[in-house]
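Labels for the chains are A, B, C and D, by order of writing; each one numbers its residues from 1.
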Amino acid sequence: MPKKIRLGILGGSGDSLIGVLHRVAAQINDNYELVAAVFTSKYEKNIAFAKALNMPLGRIYRDFESFVEAEGKLPESERIQVCAVLTPNFLHYPMALKLLENGFHVICEKPMTTTLAQAKTLQRANKKAGSVFALTHTYTGYPMVRQMREMIKGGVLGKIHRIDAVYYQGWVNTIVHDQKKRETVWRLDPEKAGISSCMGDIGVHAFNLLEYTTGLKVRSVLSDFNYLYKDNPMDVDGTVLLRMGDHVKGVIRASQIATGEENGLAISIYGEKAAFRWEQENPNFLYLKSDTQPTRIFKPGHAYNSPLSLDGTKLPPGHPEGIFDAMANIYKGVARAIRGKEYNDGEFPAIMDGVRGMNFIEATVASHKGGNIWVALEP
Amino acid sequence: MPKKIRLGILGGSGDSLIGVLHRVAAQINDNYELVAAVFTSKYEKNIAFAKALNMPLGRIYRDFESFVEAEGKLPESERIQVCAVLTPNFLHYPMALKLLENGFHVICEKPMTTTLAQAKTLQRANKKAGSVFALTHTYTGYPMVRQMREMIKGGVLGKIHRIDAVYYQGWVNTIVHDQKKRETVWRLDPEKAGISSCMGDIGVHAFNLLEYTTGLKVRSVLSDFNYLYKDNPMDVDGTVLLRMGDHVKGVIRASQIATGEENGLAISIYGEKAAFRWEQENPNFLYLKSDTQPTRIFKPGHAYNSPLSLDGTKLPPGHPEGIFDAMANIYKGVARAIRGKEYNDGEFPAIMDGVRGMNFIEATVASHKGGNIWVALEP
Amino acid sequence: MPKKIRLGILGGSGDSLIGVLHRVAAQINDNYELVAAVFTSKYEKNIAFAKALNMPLGRIYRDFESFVEAEGKLPESERIQVCAVLTPNFLHYPMALKLLENGFHVICEKPMTTTLAQAKTLQRANKKAGSVFALTHTYTGYPMVRQMREMIKGGVLGKIHRIDAVYYQGWVNTIVHDQKKRETVWRLDPEKAGISSCMGDIGVHAFNLLEYTTGLKVRSVLSDFNYLYKDNPMDVDGTVLLRMGDHVKGVIRASQIATGEENGLAISIYGEKAAFRWEQENPNFLYLKSDTQPTRIFKPGHAYNSPLSLDGTKLPPGHPEGIFDAMANIYKGVARAIRGKEYNDGEFPAIMDGVRGMNFIEATVASHKGGNIWVALEP
Amino acid sequence: MPKKIRLGILGGSGDSLIGVLHRVAAQINDNYELVAAVFTSKYEKNIAFAKALNMPLGRIYRDFESFVEAEGKLPESERIQVCAVLTPNFLHYPMALKLLENGFHVICEKPMTTTLAQAKTLQRANKKAGSVFALTHTYTGYPMVRQMREMIKGGVLGKIHRIDAVYYQGWVNTIVHDQKKRETVWRLDPEKAGISSCMGDIGVHAFNLLEYTTGLKVRSVLSDFNYLYKDNPMDVDGTVLLRMGDHVKGVIRASQIATGEENGLAISIYGEKAAFRWEQENPNFLYLKSDTQPTRIFKPGHAYNSPLSLDGTKLPPGHPEGIFDAMANIYKGVARAIRGKEYNDGEFPAIMDGVRGMNFIEATVASHKGGNIWVALEP
């Protein structure tokens, strides 16, 4: 194993879900060393947090600009190789762009940008830089999601006819019904979160999972959103009709007011020969259904799984790995890419997934605002 | 208990799912005596089937016309009181109409008719006759569906915001992909089945379940259907966006090509305070979810259930009752109504459910054919 | 189909779980006609109950003796052919014996008798009479239990090594902790229920299910019971170690104080090649496990099931049949036997199952009282 | 946060499940720095493995003796503070003993030793040293196991009457049925693994979980083991009857030949008022059952959980954490103890758990070999 990859982090201080998730994931497979960061724009908190992590403070920077400048001046063997961007949505674009322009690899949280135009600019920058760009659609890192992808590629479903994805959460209930809260939380502020809350934050995960597992592209969408209060411009719930090819139709359901749902991402894909069902909250069970044979339950770590799936499992069957491990698998694939090794294109979502995602978000908003009309995605 | 109610049956010979279901359901609570029938229009099979059931042959009729005529001539104390209509869809209307006009109570399979206009005519006839008319949306007979209805009525969910129903089956796969078969089966023939296969046969169940449990009315629909082959005019899959009030949105997903699904009817209803989840294939488990409290699993037969639910349970908790028992509960309610006793309007679906159902089917077809536009249902 | 079989019933009046279960089960497949009964020894209640069932009162008898005498005097073409014995345990033996001696077929509730000696006497009487004797271990009537039996017979598990059955209920909690109640309920009175409550009422079901599905015989048992209160002599909980052959070991766990459990009968059978898992509260799911292949879920009504299993399913897959249908399958098998047709010996439990069951009950009690020693069952 | 704790590791090289589990767990909460190790007694592999982990090689030692000696000579601020012992069972005792005697804290895999006598010696050494000793019964680190413990302590179950734990795996099938393999694998060699395979490796986990969650002590055991082949002296399957107090009875079932089971540890605890059910393969679901109320499903990360449970959850509800996170929670508790902070005694299993475990293992073997007799555990 070569030396550890030097990692920088932007954002994710304190109890931030995303911060914990990335830091743990980066450590799990012994590939990364966290060497530089701006965890938050509040400098004192930034330093305090770095101390809490037992990091040397020399490379804890005051802001993003000094981060890029100072790292760039370090010898190549010391400066960060890759940087994780975990800031609020509107900062993804300027940060990722500058990182790419300065020769760094990038691991970026989703949604990649706040507009499709930005996403395309980033795509060009990425192409020009020739660097590794990963978009952390975490759920694609689960071994059974990878198994589904590989088996579909192998033809086990036959021609696909119906697709059904859902992402239901209930946590926005506690915010959206409280006028004060809904006015102040950044996720319900389009300036910071982008033009969509529900589709932008979670619907896009379902969209990505569909394209990731089926290998098909969404051609057009027709959406209907639910905006609960006139004083808030952000969707908190929506349904999106999909067309993904001749006689390939489907639906994405997403909601942040699905009371009592925690992180209810699930997907069903129905082909002419068989169907798959997977649920994020029980991620180690993958169901293969047939009209004529008993349903089969695939689980991680068995010899019957594909290499891509097995690469994402560390323990024998029955030892539940979870979401940290899914994210760790993405980091593992990124490490392989950074080191210039061959990797399967299913190992981590990349710049194109971000472009597609932004296209999806804008198209669903346009569809809803246009009166629930069909809006085509770019091919 | 008064004397048994004299029951006639039209249709449902041989291995017909529906025939078995109604006959067993009618027997379960000791309320009915099957005394007259036309099981099939093929006379010899009709007689043979009656013999197989150990029925006296005197009131096994050659056809519907002679059935109505002969029964009408019998003394009131002998003639049938109620008739179950289990024939292919296009016969429901003329048979039910004539039965009503001749003073009989009617238990009718769904869809009630093949057009909304017929449904309204039937509604007028029913009103004029003053008789009992039940539409066998079987699933409303499950104790936990009833429990859901009563608890929603009691306000446990608070204001409802999102509704999600699904009815997935895979059985049409084996027919629709075979050109010969798809040309000959009556369910894919609009002359016999009505204008829709998937919405008409199963989507309408999901629709009915939504209105039954929530007490809300669907105001408008926008649907997208999947027609697999150009030589067949019937939808085998579709998604329907729903609007059920201010900020009450939802979706019905229905498919007959959802490979590997058996009889996958399920419903989730999300309110401001809590949410319900129920699945037909595990009918004795009702989940009540909350953002802040542990999910609770309600089961039949417990003292905590409502009277309407408990009325539909015969055995102590843990002794699984199934779909025969659900249908038997509908028959039990009908018996109570025929005997002139008070009954809860949740005991059986009635003529209005049939009118609503036909309105739904026609509206979804109109929406799809109109280019996925919103179509209002009648208030 | 020949004429309906004339059925008599002893016991099961009012809301008796067992009464409802048998009456409904007898009706479901159109094989039986209930013509005579003593539902309860209290004559007025007996008559009232018969009226409630809309039965003619001419053959509602005052007591068992007059029942047997009067029926015996009827012409052969009118008298009952088979009688269901649903009375409290201690009455099973005298009633079944006399019925057999008078030429009637018998359907008897379990436990068959209150002693092994009685069971053997009954066995001799049954042999002498040459009649049909069925013991209603209801759970053997479930299609997936039958499927398990047939697949094990076919060798799918290979050599069996471990067996694990459980029957947990919690209902006795509400009785046993209340001194008044535990002194009065017949199930906790050894005079009426026999020498064991928990093993006699439910443990014996688990035992029967083990022998039914595996085809193996329990050779010896070692048990440990839990008697909660000194003033009550009946076990309400116990664990039984089993030896069923060379290196075939296992356990039966039974409890009536397993708080919150409803009717928790389940079984796991581990062979060298594969294993089965089945649970009564989700009876339509049968799990086949392997060390190297995905777990498979078998469900009723599919072409992949055995004839014995399919014979017990009336509806297409996904239409849940329940415990009434399981019991109805036993009645169906009994009807076939009474009519002298060939039947699979898995269609209903018979006299030998009763002898084995009583042997099991007495052996477990002897083991516990002997200081948790091994007690052999008769071969 | 103070500086990272300096950790040494003995054993766990290569793909060793246990090695991966401990290394990842140690990293997850940013508390430990791995600074010294003997991963394997084969020196070249040892060095190669350290390189693969990107560790400096200066403190990768040739053997345990040089490890202890060299670390002891380092300045206190550099030498390891705690050492994880992951070697085969028979090495736990001598290594842990010497580590304690040399002033190091110890994190030891289970079973703690190979005899009860050794365990007691270790206990005395631990007391004398006054150091932190943790035994990695990983499963006690799951948030819902902790929640169960705290709620039982709070009285939610009332008096406990029945206890049922199971630990079923199937992996030994592939070894034990192959004569060559069963002669060579260390786990089936009593010299290396101790006197029991099934009870020593997994039964003891179930035992520990019972005592951990209930707060009760097992008083005596009666066991029956299954030894499949005469040429191998190790149990691969067994059942243990338990007595845990007046009218508190129960059972531990353990098997390594439970075909198709992966890591099937589960526990049910029945009290007079309510009952708990938890399963390791779905670790984020904890069921609370009652005779009169709906079953409730507790999940991690909710405000309704106890502080001990919440301390073990890093992400919001619905983001599945798994077994690495459970072990990480144990490491977190150990870190708190090493740093001299107050900690809840449920945060990690300690020396007494190891003494109890060895007592359990020896008692179950003695019971089986003594002819399935009751054997008391020390109070």
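Worth pointing out:
Note that in this section a contact is a pair of C-beta atoms (placed from the backbone, for glycine too) under 8 Å apart; a residue touches a chain by one contact, two chains touch by 3 or more.
Everything numeric here is computed off the predicted structure, so don't read it as measured data.
The chains that touch subunit B as well as subunit D are A, C. Interface residue usage between subunit A and subunit B, two copies of one sequence, is largely shared: over half of the residue numbers at the contact are used by both copies. For this pair, subunit A with subunit C, the centres built from the Cα atoms lie 55 Å apart. Centre-to-centre separation between subunit C and subunit D, using Cα means, comes to 42 Å.
As a whole-number value, the distance joining the C-alpha centres of subunit A and subunit D reads 35 Å. Among all residues of subunit A, those that touch two or more other chains are 171, 261, 288, 295, 299.
Per the touch definition, subunit A reaches subunit C in the complex via residues 288, 292-299, 302-304. Those residues of subunit A that touch subunit B in the complex are listed here as 157, 161-162, 164, 166, 170-171, 173-174, 177, 222, 224, 226-228, 237, 239, 241, 247, 249-251, 253, 255, 257-261, 268, 270-275, 288-291, 295, 372, 374.
Every residue of subunit C that touches subunit B in the complex is listed here, in rising order: 1, 3-4, 17, 20-21, 23-24, 27-28, 30, 51-54, 169, 171, 261-264, 280-284, 299, 314-325.
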